[in-house]
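Per-chain residue numbering starts at 1, and chain names A, B, C and D are given in the order in which the chains are listed.
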Amino acid sequence: MAGSNFGTLFKLTSFGESHGIALGGVIDGMPANIEIDFEAIQLELDRRRPGQSDLVSPRKEKDVVEFLSGFFDGKSTGTPIGFIIKNDDQHSKDYENIKDSFRPSHADYTYAEKYGIRDYRGGGRSSARETVARVVAGALAKQVLNHLDIRFSTYVCQVGSISLEQLGFYPKELIEASLVRCPNESSANSMIQLIEQTRSEGDTIGGVIACCVENVPAGIGEPVFDKLHAELGKAMLSINAVKGFEIGSGFAAAAMKGSEHNDLFNADGSTKSNHSGGIQGGISNGMPIQFKVAFKPVASILQNQEMLTNDGALKASEIKGRHDACVVPRAVPIVEAMAAMVILDFYLRNKSVHL
Amino acid sequence: MAGSNFGTLFKLTSFGESHGIALGGVIDGMPANIEIDFEAIQLELDRRRPGQSDLVSPRKEKDVVEFLSGFFDGKSTGTPIGFIIKNDDQHSKDYENIKDSFRPSHADYTYAEKYGIRDYRGGGRSSARETVARVVAGALAKQVLNHLDIRFSTYVCQVGSISLEQLGFYPKELIEASLVRCPNESSANSMIQLIEQTRSEGDTIGGVIACCVENVPAGIGEPVFDKLHAELGKAMLSINAVKGFEIGSGFAAAAMKGSEHNDLFNADGSTKSNHSGGIQGGISNGMPIQFKVAFKPVASILQNQEMLTNDGALKASEIKGRHDACVVPRAVPIVEAMAAMVILDFYLRNKSVHL
Amino acid sequence: MAGSNFGTLFKLTSFGESHGIALGGVIDGMPANIEIDFEAIQLELDRRRPGQSDLVSPRKEKDVVEFLSGFFDGKSTGTPIGFIIKNDDQHSKDYENIKDSFRPSHADYTYAEKYGIRDYRGGGRSSARETVARVVAGALAKQVLNHLDIRFSTYVCQVGSISLEQLGFYPKELIEASLVRCPNESSANSMIQLIEQTRSEGDTIGGVIACCVENVPAGIGEPVFDKLHAELGKAMLSINAVKGFEIGSGFAAAAMKGSEHNDLFNADGSTKSNHSGGIQGGISNGMPIQFKVAFKPVASILQNQEMLTNDGALKASEIKGRHDACVVPRAVPIVEAMAAMVILDFYLRNKSVHL
Amino acid sequence: MAGSNFGTLFKLTSFGESHGIALGGVIDGMPANIEIDFEAIQLELDRRRPGQSDLVSPRKEKDVVEFLSGFFDGKSTGTPIGFIIKNDDQHSKDYENIKDSFRPSHADYTYAEKYGIRDYRGGGRSSARETVARVVAGALAKQVLNHLDIRFSTYVCQVGSISLEQLGFYPKELIEASLVRCPNESSANSMIQLIEQTRSEGDTIGGVIACCVENVPAGIGEPVFDKLHAELGKAMLSINAVKGFEIGSGFAAAAMKGSEHNDLFNADGSTKSNHSGGIQGGISNGMPIQFKVAFKPVASILQNQEMLTNDGALKASEIKGRHDACVVPRAVPIVEAMAAMVILDFYLRNKSVHL
């Protein structure tokens, strides 16, 4: 109930603060007897890692995952997978100045209001550093889904007001070829330029990530409250800095007529258009699942903004620390990880529909 | 796991098909000893009811809720509340023609793929008629939240491309004064005109609903996976026809800079702007909670569109039945009901943070 | 969280008070496309019903179940099954005298302490009448398990100090041939005599029920916290008046040595003895699952016992109402229903172990 | 669903195998701002530790708990508590001989049937070594309950056929003064003698643990499925080697009459007897909560017993490893830990009954 669990049959429970000893988690419900590529998991963490390029936070975390249980002879045993990622680059002193103050648009104030105590170092539990555990669980989920040929294409489709015109399933190579993880070279270059410009001003900028999942069989998802896209939405909105979620046509649907929005069938059950985003009535229809996730600009800007102190004063103070000017390039593997966890969880849930 | 439950401490379990004997549900976790205004619950159902005005579906359901348990001497006892709403206007014959066919952009095909059997009458369980149970539970939640002075303002802010400029907390009287539940008279009139025009063409149109919740105390919401806005997002995306969700700045945040997006504090802990939508790090900050929900146009259009048959043929066939040309006016009480359930649930969850 | 749900993938949510309008529930997670024998469900309710013989409570409930959803053309659709059982023999006046008093060893006092309000008529929600919903859900679970050849033998093995020597799998005919549901005729006769004697004294007597489940495949059950026998234990202890649970050797194991208690293997994986009761490490081993459930004597005796009043006085008062002198004969179908729900739930849970 | 979680609002998720790198867990829902006595937690682990006396397994685990998150300045922050206990005395070679065989009355066979793969070293996940995580979580729960003056007395009340006559609340000093954790010196001595005798024969012996919890306020527990004693029963039955559970009068109730079993009230709401074991209708009544837990003899005996091989042969083979001749002395802190977790969880759940 305290919100550190995600999923039902494939379930991640995570723990850890930005500047504590370690972050980690427990993955329960991993199918048994799956051969694991441990290097592939580390590669996913590397995609999320700060310091991976000039474009992102220079915090120097190696983010090495250590698995403590759940595997035997290189295979999953079906028992819970415990894992930790140690924190080793803890510049806790950077945060002494916010010990008794709340930064604007951070969770400092709300954590203090909720708990009456907070680990102020780097945002504590509210830091996006928490997402390392998601990436580990998602990497495992993707390896399971690989056996079902379910594949993901996740990329940056907007930074500031520069956006990719054409969405769809882009190959991973194209996405990873770009520092900003946008598969279109010219858009990518403009985005990179915008991020660098923004950073030079001590400012930050928002963005949007698109995700497309192919080969999800028809019939996955639960009707009514646990619709597949409702759970995808929750998964995405639970990622730090996310402000919006669209499945298929999204907000554009509001301005459309039924006669243009309806996805007409082909004889094989596929549809001529995909405004539905691959889901009808909360259940996959076999078409690609397509959604978009909006991220706000990082709140930690290197400009002077007033903070609120514990005793109700406003105090001018520059935020220190090592921050991204734009979060979306590093958020791509996080979005993909959460999507993989949801799809695998619902795939497993669907197994109980028939005896 | 089959997705008929919503909530954790305040939990609704619902059942029922569009053309079955009755719909209903069980509400578990209702706080004890709360005096109930049963008429107010029926009024909420009346707001959702078809046939309430010329603008909406002429299906003639009275939608009378019968409570079977959970109350004594007009007060809640803390035990589960069972309730039913009988179906009495079942034009099941209207659906004979889709017995072996799948309507485009309905859930006919996905239910058949998932279950291998479906109640085709009126969409069965996939019908939006299911939302009556949500409205009942939401009405009870609102009565509880009234004791905490938590108040809701939910209204239509867009139909087609006509949209309300100014969002905020509008009084219920203004909203209910309009057939389309838009608090601005001139926008409302344009929306009504557009809906009527669309209906005359046998077509349908999408829309957007805004919700603003005042007086939610700071500190409500769980960090990490069960962020307050993540659960609100799931709640909204679980409503039929919803394609998008935005909290606070939403997708507009993607094009903003940190220096403009950050909500600077006042000395009392409130903020000068509210791009966050009342939630930071998944936890309420005491500012109004503001979100928007996008609805696609109703799939049942009165135009000829090809359906797919069970045996893989495409067949031209007009959809019968009594449908809305625009779903948003009647969806207002549903959005509000889901919001109330989420807020109450998280309010109760928060009680265990401190001994 | 308020405890009105049971199960995870096959889940019952129940509601209703002894003297309210109706009891009922929602069954979520029923596998789809299962042909249902509705008469068989009613027969299970008849086995639990008061007034079925001279031996039990003369309360005259017909206990007819009405299904409101979840079936189509006589088959389960996979969507939630709503059902109600109306109360029609409500002698609420019988309970006027306990309006402001607490009967000894009933839940009157604890409900008042917990909720600050209680429906005193017939014990309200605390009445064993609540178990009708369990019997309905269990009857459905048994029909599903029939397809897997999983079979139950549930019977009375002790009343007072009269006990059945030999436990095992007795045929249903033998069990149902006896008013007391004990498959051994001579033990049954002694038990009946004891119950009648006890009733004539205005007193009540306890008893024990044994349950044996055959053909549960090896591998069902979850390790660690959700061991199969742990969940069976919880299921049984949740039934009114239950004070103890034993799996296999039970408390007798405490006095045994490992060399006698260990179940040695046969070459086919079966075991020469079954002290384990068919479960090792929380997981079924393919042997019959065997457990016993102890029931206390019914608290409602027709003798004068002091009650406690709301304002802290002790008041001599005879309990009215129509009560059983021994609860175990009617509890047999309840024990079996709970066992069936647990086994089906864990059978379904096991499906996600392998991709 | 895979059973590695326990609790709802105060929730433990555990992981780890007997001979893996580490065991550990995540505790979610710890109330915030509680000052922690870390030494007291380690002391609880020491009570469970093998090698603590001549009477128990000589396995030399130091069992040092390392906390990775959830605390700040010595207080709980309300965020999840991650912790690990490293395995350092891994005699994995001891288990080479069971690599392809199943020991009688162990979980080797059932794990193989369920997962198709197993970590055979020391029983892997099925080892009672898993309970270290429970002891850590229980120690934290007890520290929280201390603030409410809720106190535990847990002790051995039976070994083989030697049993303690008088149950009740014994002071911790008396219990811990005895190697066998039985508070009566003469019984304790007989038990110790019996255990040593049994060990000298290469055999093992069962036992019973009693637990008494004082000062639980009236009103804790959920009616119907989540009765307080039902969840206590599940908690106890989930501990390795447990075969039976009794609340209050337990199986003895079966032979009692209502007139003797009923607990008559005193004017202050307490009762003259406590056959109910402190719980009526699933809800605490303010009297001491009393229950008993039966443990089977340890299956690992140092005598020759046939094992079953993977390929269906029976093979005579002595079990190696370092085992207890009687498990109950070391199980005392485990029983107490699980009881504390349940009581705290239900205490927190009860907070949402009233607004």
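Throughout what follows, contacts are C-beta pairs under 8 Å (C-beta built on N, C-alpha and C of every residue); 3 or more make two chains touch, one makes a residue touch a chain.
Computed from a predicted structure; not experimentally measured.
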Comparing the two chain pairs, does C-D have more C-beta contacts than B-C, or is it the other way round? C-D
What's the distance between the Cα centroids of chain C and chain D, rounded to whole Å? 26
Whole-Å separation of chain centres (CA-atom averages), chain B against chain D: 46
Using CA atom averages as chain centres, what separation in Å is found between chain B and chain C? 39
By the touch rule stated above, which residues of chain A touch at least two different other chains? 1-5, 8-9, 14, 29, 32-33, 78-79, 114-116, 125, 223, 349, 352-354
Touch graph of the chains shown: is it line, ring, star, complete or other? complete
Which stretch or stretches of chain C touch chain D in the complex? 1-6, 8-9, 14, 102, 104-107, 109-111, 113-116, 125-126, 130, 158-161, 198, 203-208, 218-227, 229-231, 233-235, 237-238, 240, 243-251, 253-259, 261-269, 271, 275-277, 279-286, 294-301, 303, 305-308, 312-314, 349-350, 352-354
Complex contact set, residues of chain B against chain D: 1, 9-10, 29, 31-34, 78-79, 144, 147-148, 223, 348-349, 351-355
Chain C-touching residues of chain B, taken from the complex the two chains share: 1-5, 8-9, 11, 13-17, 20-26, 28-29, 32-33, 66-70, 72-73, 75-82, 84, 114-119, 124-125
